[in-house]
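Structures are listed in the sections that come next.
Heads up, the next two complexes both have chain A, just with different partners, chain B and then chain C.
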Partner chain A sequence: MNTEQLLTQAEDLLATWSKESTHPDPMRLDVVISADDLRAATQDLHTARWGYLSAITGLDLGIEAGQLEVLYHFCSGPAITTLRVRQPRDGEAVVPSIADIIPPASFFERELQEMLGFTITGLNNNNRLFLPDDWPEGVYPMRAEFTKDQGAPVPGRHADEMPDEGLINGNTFVVPIGPQHPALKEPGHFEFTVDGEIVTGARMRLGYAHRGIEKAAEARNWNQNLYLFERVCGICSHTHAMAYSMGVEKLAQVEVPARAQAIRELVAGLERVHSHLLWLGVAAHEAGFDTLFMYSWRDRETVMNLLEQITGNRVNYSANVLGGVKCEIGPEQAKAVKEGLSYLEGRIRHYLEVVTTDVMFLNRTRGIGTITFDEAVKFGLLGPTARASGLVRDVRVEAPYGAYLMFPVSAVTETNGDLEARFVVRLKELLVSCATMNNLVDNLPEGPLSVRVPRKIPAGETISRMEAPRGELLYYIKSNGGESPARIHVRTPSLCNWVSVLEKAVGSQLADVPMLIAGMDPCFSCNDRMVTVARPGDRQTWSWEQLRQHGIEYYK
Partner chain B sequence: MANTEVFWKQVISKVRTWSRLNSIWAVHFNSGSCNGCDIEILATLTPRYDVERFGIKLQGSPRHADVLLVSGPVTRQARERLLRTYEQMPEPKFVISVGSCSISGGVFEGCYNVGGSVDEVIPVDVYIPGCPPRPEAVIDGIIQLLTHLQGGSRPTAKRPQIVEEAVA
Partner chain C sequence: MTTLSALFTILIFPAGLMLILIGMLYEWIDRKLVARLQNRIGPRWFQPFADIVKLFAKEQIRPGIANLLLFFGLPVMALSGALTAALYVPLMGFAPAHSFPGDLIVTIYLLSLLTMCIGLAGWNTASRFSLVGATRALTQMFAYEAPFLLALLGPALAAASWQVSEINTYAASHWMILTQPVGFIIALIGLMGKLELPPFDSPEAETEIVAGALTEYSGRGLAIFNLGKSVELIVGLTLIASFYLGGVAGILPFLIKTIVLLLVMAVLQSVLTRLRIDQTVGIWWRFGAILVLAQILVMIIWKGWLS
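Now for the complex of A and B:
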């Protein structure tokens, strides 16, 4: 089905509930519905298997408008259907929960609740997701009138209330892991309830690295925000900057030169290689396979060299500007890229052999944490985690953008859905990326590197989707025609993939938990989490290192 | 008798300095960073930069660590955890603040959930600016610390100041 047919189908499905429907651009359908019909409309889309819920964006339309709005973005291939629900700003803004129909919605709804003050009826978990525990009640950072002073800590409370720990009853204990889970937007605190060695429950708390970037963006101009969003994540910084630029360029109706698009893709490809090799090393480290960790990080330096040679920086490259890129690929860089890639291809093939043949390693990965195709759909997984279960969720394939229109890639999938499949998918994907980059360097279009983008961006809203190394990244950008954005909402892939860890941890061995967490690549970049493990008759405190060691000993 | 005591004290102190200089164990704490600094810190431990040749090792538990490497602006939720990690470390302990946002808040200055710099929460011995600092810079910072320890003193680093560049 092409985009037009998909959108027509969605329009027909929603005809009963639709109060007003528009096409803001050829890829999108906006349907205004009332809050009472939301569940029925979602159910219809869900039953017809029309796409998946990609994000929920909350908007404050301003004090004068007196309204709040929730946008439910459903994506199917390149087509995006947005359900818009308006609620009064002053009274109680109530929307029903759709988390029982679409489980991943619960994270989005909790975010909506604490950021904009919606009341979500029927949500089974009302705990805070991002904001600290000493955040005052009734203060919502994404509301228009919010100032930093209003969020001052409530006296007598801790930013991070101590979790329950220890014996619950009989043989059941709560094992808190974290909060030092030093990932990007997703450092979290986990609580695993264990019965002996078996995990019987899992809970998660985010927000340790919550900085408030979305709010900060509203106070900065379009250009400054490019550098702010680059720092949402240090590992996939280029992807964030690129998704943001693509959105802003779409709003400004600026056509980016083909050469700039190709260079953007080249940097994004190199970033994917660096990110996956980084992950391979860290995941191997969690399994106690430090040799692989050191080797993959040694080879990763080849990519870091290339990135530095092209952009001038190893991390946070700032390759993008609004309207193009600022780095050129000359003959010297092209030669270096080709040489580096041919070396890496050999190494990646070697690693592929290692992760599929090393018996010790397979003990930790084969048949562990298996996610079936149906579960992957149900949990709303994205990126390589979904592709390992045979679910094609790859924006580069489903909705090609930028240079992928000229240099298409194919999706790599596996069917087993276990940890081994996730290793294989990521490594095979790198081979595809290397081939694409080689092709790109050989056939780099000629032309300028950038075009001018106005200082003020015309009013409007847009959705920019991109395939980050970890899955689909979605930017919702709204402009009021000023020098600063009215609202930018970022939905990172890891937020969706957490469900896979929480659901799969239940019923598995405690020793497998480090690998399960590493398996979804939650931007794991350092190892100083604290874990308190309490066991019957044996209360003790464990560091993450000890939990990792426990896993290694267990499988010896 | 007194002389022998002094002599042995000196010997022990020398041995202690020697062993400390050759086996710095570090614990890494992310207080809300974007991960850029964290991956560069990890890169310094891996074969190309290999700080293990100086005896430097990343340690999981703060109770075994000599040096605390902090990256990122201190978010409200991470603040108490940072303090607790620092307090768990045995004396003498040293803190290295890695990256621009751990020094001044950097690009996140003014965000509602960001408290400010690391040195407002715990005392800092060495500052390593950069967004993120290169592994060479991280090594340089650690060596600065080691040089001071060799001389038997704590580093006396001042927080780097932001120089306003003239607009051309």
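Now for the complex of A and C:
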């Protein structure tokens, strides 16, 4: 089915509930419905298997308009259907929960509840997910009237502390993991109830690294925000910047030159290689296979060096500008990329062999944490985690954007859905990426690197979807025609995949839990790079090479 | 004079200070080898020593719930157990400091003391991680202990003696790695289990339970436990080298044989993935115990047939 047919189908499905429906652009269908009909409309889409719930965006339409709005974005291939529910600002804004129909919605709904003060009826978990424990009650940061003084911490408030079932309660006790824990280099908190070695319950708490970026974006202009959103994630920073700039370019109706688009895809591809190799190391470490960890991280340096050579940075590459890119691929870079990729391709093939043939390693991955195709659909999985269960969820393939139209990639899927399949999918995906990048470097389109984007972006709203290394990344961008955005909502792929971890952890062995968490590749911040080494009375700037040599000498 | 020499034996050589220093040296060799195999640079030669000095200088934090006597006593007991075991083995190629018929059993018992102390320490400190770690450490002990004992029994049967020094002498003319290869492999892997080295490091799997049974230990207590492990590494290597690799008579053969064993262990440590505790137990009982029993059975029948 093509996009038009998909949208017509969705329109027919929602005809009973629709109060008003529009097509803001050829890919999208907006349907206004009432809160009472929301569950029925969702159920209809769900029963007809029309796409999946990609994100829930909450909007404050402003004090004058006196309304709040909730947007339920459903995606099917390139088509996006948005259910819009409006509620008054004054008094209680109530929407029913759809988490029993679509499990990952519970995370989106809890975000909505905390950030905009919606009351979600029927939500089984009302504990805080993002906001800190000492955040005052009844203050909602994404509301228009919010000022930063209101967010002052309330001393001694620990209302949502997870119930601690005591040290030992019969035969079971709780093993807390995070926010500071050697197993998890990411600030998240999990509590696993264990009976001996078997996990009988799992809970989680996020938000330890919540920096209020969405709110901060509203106070910055379009150009500044590019650098802000690049810092959402240290690993997939390019994808974030790309999703943001492509959204803004779409709103501004600016056509980005083909060469810029191709360079964006190249950097995104290199980023994927770096991200997956990083993940391979982390996952191997979780399984207790440190040798693979060390080797994969050594090889990752190759791609880090390439990224540095192209963009000048190792972590937040800053390759994008609104309207194009700022780094050129000359003959020198092209040669380096090709050499680096051919080395990496060999290594990736080797790792693929290791993870599929090493008996001891397979003990820890084969048949562990299996997610069937149906479960993958039910949990709303994204990215490689979904593809390991045979579910094709890859924006690059389903809804190609930018240079992916010129240099397409194919989706890699596996059918087993266990941890082994997740290793295989990610590694095979890298081989596909490498081949595409090789082709891209050879056939780089000629042309300028960027075009001008106006300071003021025309009013409107758009949805920008990208395939990040971890899965679909969704940006909802709304402009009022000013110099800064009215609302930007970011839904990262990790958020959609958590449900599967919590569901799969219950009943598994405690020893497998770190692997299950790592299996979906939750996103955590990346390391920084030092260029100034300060000792007492000795201050000098070191080059990267000097620093490297110093490190080698120092630890010899 | 006898008191003096006894004190020297206990405090300086072969037990005591000298052993601790060699233990640290071997720990460094192990860490360096694993690091090189993992394509890392690895620590400098004095790193284990520096670690111990640092730990001794640090504050020892005691959990309120823990029994004081056990908390401070267990590390000492673990280290002294390992040091005492050293008195009965031909350390550095010298004849054992003490020897009597049946001292093999005492040595093996003393070597198990470390694991038992670690298990008790985990239970005593009552943190969730240390409880899971202690359970795993003790479960694992039940898995490898019997096969390990049987694997050391093989050479004893061949030498017709349960005295370490006599087996060592017998081994000088019989390379039992050739006649009892199964026993050799199981003894070596059993030693890795005892020392909780990868792939048998689930009792201290940092990605699940932080540092396992010793999570709550810091400062001196942790340092002493670490020393105990280093000493046990030496004693274990000495036993295996003297039983299976043609005995250790002299410093040079001792060094060569134990370091070769250490190299094999380092390779195994780097190429194997950590086993889950249920997999560890499964492997030991399903393969380890049965194989070594079969080998002993073959030996008994062979001996009976010959005589």
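One rule holds in what follows: the second predicted complex is superposed on the first by the 505 of 556 C-alpha atoms of A that agree within 3 Å, B and C clash if a C-alpha of one lies under 4 Å from a C-alpha of the other, contacts with A are read in each partner's own complex, and residues count from 1 in each chain.
Definition applied: a residue touches a chain if its C-beta (ideal position, glycine included) is under 8 Å from a C-beta of that chain, and two chains touch if they have at least 3 such contacts.
Everything quoted here is computed from the prediction, not taken from an experiment.
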First, second, both or neither for A:M294, with chain B first and chain C second: both
Partner chain in contact with A:N316 - chain B first, chain C second, else both or neither: first
First, second, both or neither for A:S237, with chain B first and chain C second: first
Partner chain in contact with A:D358 - chain B first, chain C second, else both or neither: second
Partner chain in contact with A:R49 - chain B first, chain C second, else both or neither: neither
First, second, both or neither for A:K148, with chain B first and chain C second: first
Residues of chain A at both interfaces, chain B in one complex, chain C in the other: 182-183, 294-295, 298
Chain A to chain C touching residues, read off their complex: 167-168, 173-176, 181-183, 194, 196-197, 284-291, 294-295, 298, 358, 360-361, 363-364, 509-514, 552, 555-556
Residues of chain B that touch chain A when the two form their complex: 27-30, 32-43, 46-48, 58-62, 72-73, 75-81, 85, 106-108, 110-114, 131-132, 134
Residues of chain A that touch chain B when the two form their complex: 131-134, 141, 146, 148, 151, 153, 158-160, 179-180, 182-184, 187, 207-213, 215-216, 219, 227-228, 231-235, 237, 278, 281, 293-295, 297-298, 300-301, 304, 314-316, 523, 525-528, 530, 543-546, 548
Interfacial residue positions of chain C with respect to chain A in the complex: 37-41, 44, 126, 128-129, 131-132, 135, 198-199, 201-202, 205-210, 270-279
